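Next come the structures, one after another.
Here come two complexes built around subunit A, the first alongside subunit B, the second alongside subunit C.
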Partner chain A sequence: MKSKGVRIAILSGKGGTGKTLVSVNIASIAGKSVYVDCDVEEPNGYLFFKPDNVREEIISVKIPVIDEDQCNGCRKCVDFCKFNALAFIKNKPYVFEEVCHSCGGCMLLCPEKAIREQEKAIGKVQVGVSGNVRVYTGIMNAGEASGIPIIKNLLEKSILDNTFPVFVDCPPGSSCIVMESIKDADYCILVAEPTVFGVYNLSMVYDLVRLFNKPHGVVLNKCLDGENPAESFCVENNVPILGRIPFENNLGSLNSNAKIATRESERYKVLFSSLLETVMKEVLHETTINP
Partner chain B sequence: MKIAIPVDEQNLESNVCPSFGRSPHLLFYNTVTKETYYLDNTAVASQGGAGIRVSQVIADHGVRALITSRCGENAEKVLRKSEVLIYKSIPGTARQNIEAFVAEQLILLRDFHPGFHGHEK
Partner chain C sequence: MKQLLILSGKGGTGKTTIASAFIKLSGAKIYADCDIDAPNLHLIMAQNIEPKRTAYFGMPKAEIDIDKCIECGLCKEKCRFEAISNANGFMVDPYACEGCGVCEAFCPVDAVSLKPAIAGELVLYADENKVFSTAQLKTGSGTSGKLVTEVKRHLRTRASPDTKLAIIDGSPGIGCPVIASLSGVDMVLIVAEPSISGINDMERIIKTAETFHTKIGVCINKYDTNLSNTERIEEFCKENGLSFTGRIPFDPEAVAAINNGQTIVDVDCPAGAAAKEVFCNTMKLLFKESNAAET
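Entry: the complex of A and B
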């Protein structure tokens, strides 16, 4: 399978649709592969992979620190900061750390050189190995406002593993943090539930991947007999359906016990292998027509 | 004493804007001279920190009391450092709120919500 270095992002409009189920299971049967958990607020892929030889790196951002004695109150920094992270009250400058985007502009601009930058830890990145899969996990400290610096670090690291296919397990939704996660993806898998609400969530990520011009397809999860509104959505909008995962007790209990279904059951191995094969065909097709 | 109110329209019959940081205009009123003036809120479309920016403007205009229906934690911090008292608005127009303030019928706002900080989810 010509899947060298292909980067596939798995996303959905809300949590609990099966992003991690799909990501973990297709990564585990893709031969040598890379799994990246970008859901830094509540990463859970590592619970399934239980990686060994875990190395850890603290991720920090730079926050301005203003020397009050050197500050002459010109307020150039306050006026410049488009994130409104600075205020100047009663002849004293204030920094609102959680509003700051670490652009460093205030420090460059200060005519008195009264501003320096200080590292502030916001989370960590872990790298470990589980069978054939190299597992990257981003973990944001509770209370931090943005995990984007952690995701940037994760993706930069995982890009070095460019000889293997990379599966990026995205955060739920369609916000900045998801955009960051899919930015470098060659293909996006949208995971959808068979409900009207599921269609609403699907349409959010569908709009996002089209906005980013990313080739994409849908995995229908929790499939039952009868009407599937998510399937109808795909048919109406001409979105390729990559595969269907049945709504089953077996799969549910394997998953809730943090087991990787493809490593436990031949049936699920076949199911996810066929899904992966379809995905890779789509990816190759896309890269041929859209090199 | 100068007071400020976030308002939807630039007149005294406007209602108090339900948002502080994102209100389109600010009304300034001097309780001694009874003079009124308005400013457009430059932070209305900010990515984040709108409350901080508006509070800075209010502090810079020498306001001593703010009448608002809600206020975030960061704005509260700027206003506290600036010694601006924050009063809870009552339903009705800006004029009715000014009258209630002058009659000492308004109470201080006690709940300050955490900010959204532009990191929309």
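Entry: the complex of A and C
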């Protein structure tokens, strides 16, 4: 049975429903814990944690470089590349770095060994400390297409931190990049807001977590009095509701100023502690019956 | 035809709310939802038309013929995406496979082949008056940029020579779907949110959009939830020479309208009134000749 080193992913489908709010606040009260921001296109967690002692590593991918003198113009590489990242124009080979997937095929196939690989920086990973929380942040450079290599690096690094609970703040959507972020998760928290948009996108991530057989539950955020379409979705589909976060100006204001609510207010400390307790109970239950 | 793209960087700032209001106000006959990873525009803008759905094929996926496989392990060794495992015979994980074809090229016994794979669905709502192009990426799929390009291609092929305006709802983030949506548009309207996260994300999406040399306008949604951050955004726009097109207040009536399947300009509410002003300013900017903008 896993207990200390459980990995919990927080996702939502729709953006702006409160993934970072939930991740940051439950990580901050989980004793010693690890927070991993996989939303590498728009990372926000570090704005809340403001970590100290930050170490940084540049993340790069491999891009082919063609030695024109050695190239015999056979076009094997151009014909092979499924991503159209190579072209032969006016008897000269060209590489379009933005669309290259770094599969290495062109280099392996070149009969003249005219292709080698060169590192190209696409972003960075930062590790720092904020109170009891070790904070991992992935930041993709503007203009890059895919942050997946950064997410892979983040998850590999944070998996070494396996003595403490790990909270993985995922990107929005339900595509490959979200899938990568939840791959090693023991449990998924879906954060939903009470709008028709929120519910539609909730149903998409709900499909995703079921596709990967991940135990999961829902946190209802921005709750107001009256009917909550996200809650109705959970009831209809028999999805456990882990907790409710009320729509409150005070919480909104703390959050919009990048303050960690549990560190500022006793009331929110109690609210998120009770949410964390419910989550941990669910996680232990799931990892016991499904180790 | 002028193309207006609505982006935000951060999710949930109100892109679709603004896009749907703009479509209503402009009477745009041509519009699209490029947030193919979590589309929502159809929830309020789909007319009573049965859409035409076509399968979207992304990259092919490798498949290993177990009968031919001699278990040499070369495919697994060469795969950079860790897509091939060997538990009960060699197998490809279709979610990890990017369709590069290295395994196929190196298999000594031709046991690997690339098979076409459906990665989503293109959806087109069209009648004699309107065209609405959208799509839905299959759960867990990649190649989202390519699907966005298809959504926009559908839109363009349906535009007539006298079409003046197309409105495109974008996706959050700054990665491949956003980059694909940016190509060829005339202007980007950024919907900012007055939070520290929102400001940080806005600066990143502006940096990304600037590489495309399109016009950029910024408006603020839910501006009254944090007035000092709202001022910071307006100050940022001034300092960086970005056109500011207005503020929209937080408005529970707007939320209610959306939940009723209406746009915020279909009901009489403060957010709707403010959206009208933002719309006018945005249109002025979009249709202003670029050389006039220089003076």
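One rule holds for everything that comes next: the second predicted complex is superposed on the first by the 288 of 291 C-alpha atoms of A that agree within 3 Å, B and C clash if a C-alpha of one lies under 4 Å from a C-alpha of the other, contacts with A are read in each partner's own complex, and residues count from 1 in each chain.
Criterion: a residue touches a chain if its C-beta (ideal position, glycine included) is under 8 Å from a C-beta of that chain, and two chains touch if they have at least 3 such contacts.
Computed from a predicted structure; not experimentally measured.
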Partner chain in contact with A:Gly143 - subunit B first, subunit C second, else both or neither: second
Which superposed partner A:Val22 touches (first subunit B, second subunit C, both, neither): neither
Partner chain(s) touched by A:Tyr94 [first = subunit B, second = subunit C, both, neither]: first
Touching partner for A:Val78 - first (subunit B), second (subunit C), both, neither: first
Dominant contact partner of subunit A by residue count, subunit C or subunit B: C
Which superposed partner A:Cys38 touches (first subunit B, second subunit C, both, neither): neither
Partner chain(s) touched by A:Pro229 [first = subunit B, second = subunit C, both, neither]: second
Which superposed partner A:Val279 touches (first subunit B, second subunit C, both, neither): neither
Which of subunit B and subunit C A:Cys188 touches, first, second, both or neither: neither
Partner chain in contact with A:Met179 - subunit B first, subunit C second, else both or neither: second
Shared subunit A contacts, counted only where both subunit B and subunit C touch the same residue: 82-83, 145-146, 173, 175-177
Residues of subunit A defined as touching subunit C within the complex: 13-17, 20, 39, 41-42, 44, 47, 80, 82-83, 101-105, 108-109, 140, 142-147, 171-179, 193, 195-197, 200-201, 204, 207-208, 211-212, 224, 229, 249, 252-253, 255-258
Touch list for subunit C against partner subunit A, complex: 9-13, 16, 37-38, 40, 43, 59-60, 78, 80-81, 95, 98-102, 105-106, 137, 139-142, 144-145, 171-176, 179, 193-198, 200-201, 204, 207-208, 211, 225-226, 229, 252, 255, 258-259, 261
Residue ranges of subunit B in contact with subunit A within the complex: 43, 46-50, 52-53, 55-56, 59, 74, 77-78, 81-83, 115, 117-121
Subunit B-touching residues of subunit A, taken from the complex the two chains share: 78, 81-85, 87-90, 92, 94, 96, 98-99, 145-146, 173, 175-177
